[in-house]
Amino acid sequence: MLIVKDLSLYFGAIHALHGISFHVEEGEIVTLIGANGAGKTSILCAISRILPIKTGDIIFNGNSITNTAPHLLPQYGLSQVPEGRRVFARMSVKENLEMGAFFRKDTAQIRRDRDRVYEQFPRLKERRHQLAGTLSGGEQQMLAIGRALMSSPKLLMMDEPSMGLSPILVSEIFEIIKTINEAGTTVLLVEQNANMALSVSHRGYVLETGKIIAEGKSQDLLNNELVKKAYLGIA
Amino acid sequence: MTLFLSQLLNGIHVGSIYALIALGYTMVYGIVQLINFAHGDILMLSAYLVVVGITKLGLSPALSVLLSIVVAVVFGVILERVAYRPLRSSPRISSLITAIGVSMLMQNVAQLIFSPNPIPYPITLSVPALNLGGLYLSFTTLLTVVLSVGLMFLLQIFVSSTKAGKAMRAVSEDTGTALLMGIHVNRIISLTFAIGSGLAAIGSLLYCIAYPSVAPTLGSLPGIKAFIAAVLGGIGLIPGAMLGGFILGIAESLAKAYISSRMSDAIVYGILIIVLLFKPAGLLGTKTREKV
Amino acid sequence: MKKFVAIILSCVMMLSIFIPTATAEENIKVGFIGVLTGRGSQYGEGVKKGIEVYVDLINEQGGINGVPVKVIYEDSQGDASKGVLAAQKLIGLDGCVAILGPVITPVCKAVAEYCNDEGIPMITASGTDYEITTGRPSVFRTCFLDPFQATVIAQYIAAQGITKVAALYDQGNPYSKGLYDAFKAECENQGVEILATESGSGDDVDFKAQLTNIKNAVPEAVFLPYYGEAAALILTQANEIGLDVKYYGGDGISNIVKAITDKSLLTNMVYTDHFSNSETNEQALTFLAAYRKKFGQEPDISFIATAYDAARVLFDAMGKVEDPSDYEAVTAAIKATDLECVTGRITFDEHNDPIKSVFFTTFNAEGKQIFIESFAPAQ
């Protein structure tokens, strides 16, 4: 579904990505793990076309999106839950969800999708008229996910959904990710919390200072000595 | 008492015009963080278009005004496209300087075409006024306040209930995330400039009916005052522009009536400074807090 | 080779400085300074036209003692310092021997100071402020004075049976303030009460606050010593708030017709002017015919007539002396003037002011000037 080939990117003067290559198959959950500053967010921003790339190719569902304008991607089925949630704080929960479906014109289906989001996240339904900025951290994360789902994505990219959340909420969120995937959405998950990310995903890539240093089935990576020492906190 | 109410009415009259113009400043600032110094000169552009329409093209006043609104809207959109969009990734000071440059360019071009001498605005209202138990309410005042408040009301509805309006709010808040939603950010920004310019053109009509003198520098003074009104109420906030406009107009009129006309400007600027000392983000402004 | 060319070029450059002077002897040069752009420009344009008409006439007759006259026109833009710079250029660079103008009071004062320092003869056709000629023997005017016209207005108002008035004037403008002070003084003599006095800058657009206060005082008439542009805005706004009275103003009002949109409001305006097109003396008829022929319309500003007179007085004086560039001789000749002119008989008193009449004027609903009556000063 998504193929990234030899992606290189500069963030200001810093060479953030050095010829990254990876792919995501339909129906998978693929995770990119690595420490802070490894370049994980840069990859997602490059795919979303928010950051300009130096070299490389991004191919989504057979079409090259390397030069596509960013606002067209949700229409192709590619959506992102950004790092730090980035909900529209001065708009209500309901309005945030509406924004997620902005480019869509099929009102009836939009309403059905919205109801499904409310089903999945009952707390959002309770607070649907509240301003998003007044929600708790966990609720905002759910809103950000729900908002991305409103675009009816084929591939959902998520940037560090566990950040700043309590362990209970983190488990809840990862359960939700699994449910979304089982319902048919492919997921590309970028995470610092390597443990949770690898236990929920099918395959993974390990990123270190802009380069992929390990890849494979998530189960295998969990048992990989290098990964265990560096990222899983197991001596 | 009637005298005070009359002076208050004067203030509400001029305040509603300031509010209408302030909306353009505040919406543009909200969405692209730019103070469009050329906004006030749209008043001048519209006024001259009406003059040309009526005196040179022989159009009816209504048609001339319509023409002035359409041209102002198109001008605003083109201005954004040509002067401001290319500088979006440059430091903010560049766009600020460009805006000042555009303003000077407009005034000088007008001076070349029309000469710096003031000419009379060719539209007047000669409808008799209302006498409400001693309080004199002119038709011009009534029309101005009703039209301004009505337009502000419509704008509020547009921004809170329509898809495009909500998109404007989203883009104002977080342009990057709005892009991720599939919102065509450039189009929304153009729309913002279009609405702001349209409102300024209508503001020009109301301003010139009250003060029927057209010169290349027409837009400078009301432009600055409207900008101050926007900052006073909270720049970037639509209700702030409305509130700021009325406060400024009333303060100015009352100062002229009861203190001194020479001091009235100083008093108004003084109010602005005091307000900003206590509320740096303006009367309605708040530092946005986001929970992590 | 390069050095040789450089020397030749610098010689040519030096010689070119002398060329203007070389041609100067072929005609008599007189300088004009006036506001041709910005507020009051209609007055500047008017004075320029009046001078042009007379210059054409005199050159048709061969000029001054057979020498043609050339007037060089400079724009003061209504700014005193620009006016003085213009004077320095006209006298120092262009070889002018006298100054006609300036037009508005602040510029007149500054240029009069300069002319007095150098002894240059200056005649203004429109500077009505008293101080312009005080202590300046070479500076004259062919129009009446502000204190005079303001005093006459107060007398005229009293003669209408009006006892309660209000005043709106521009504190920061010497013309407006000068008129107001004289008006106030004469009102006291005449027993006319000033119920309310408000001030508003002539550069401002909004006078509603002041007008509302005036309306509250319920005067029978309002004294409005402004230039036409501001007066137009004031009348419009006064009408809007329902202040329905007669307005009295000075000669600065006369360009109000071009500045106002609703001309029907002008029927309430009475002002003092220097001339009326319905004047029938011989000079006036000659002037009107020549003006109509040159510009294809009636003169619309009274200063056109006083400017014509100023040019005539100056050239007449120059014709009586041997050397028109002899400042003292020309000054003395001007002082001794006793001419029947377009705007009346002109002679000068000790203050270099002409002893002449005031024309009370109003408008009809289409904005055409209507002459009411003339008022001669006590001799």
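When the chains are written out, they are named A, B and C in that same order, and each has its own residue count from 1.
As a working rule, a residue touches a chain if its C-beta (ideal position, glycine included) is under 8 Å from a C-beta of that chain, and two chains touch if they have at least 3 such contacts.
These figures come from a predicted structure and were not determined experimentally.
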Common touching chains of chain C and chain B: none
Innermost chain by mean C-alpha position: B
For chain B paired with chain C, centre-to-centre distance based on mean C-alpha positions, whole Å: 40
Between chain A and chain C, centroid-to-centroid distance (C-alpha), Å: 79
Inter-chain centre distance, chain A versus chain B - centres from mean C-alpha coordinates, in Å: 42
Chain A partner contacts - residues on chain B that touch it in the complex: 163, 166-167, 169-170, 173-174, 176-185, 288-292
Touching residues (chain side chain C, partner chain B) in the complex: 37-39, 41-42, 171-172, 198-201, 204-206, 208-210, 212-213, 215-216, 229, 232-233, 236-237, 240-242, 258-262
Chain C contact footprint on chain B (complex, rising order): 2-3, 6-7, 10, 13-14, 115-124, 126, 129, 131, 136, 138, 140-141, 210-213, 221, 252-254, 256-257, 260-262, 264
Complex contacts: residues of chain A adjacent to chain B: 48, 50, 70-75, 79-80, 82, 84, 86, 88-91, 95, 98-100, 102-103, 133-137, 140, 147, 151, 164
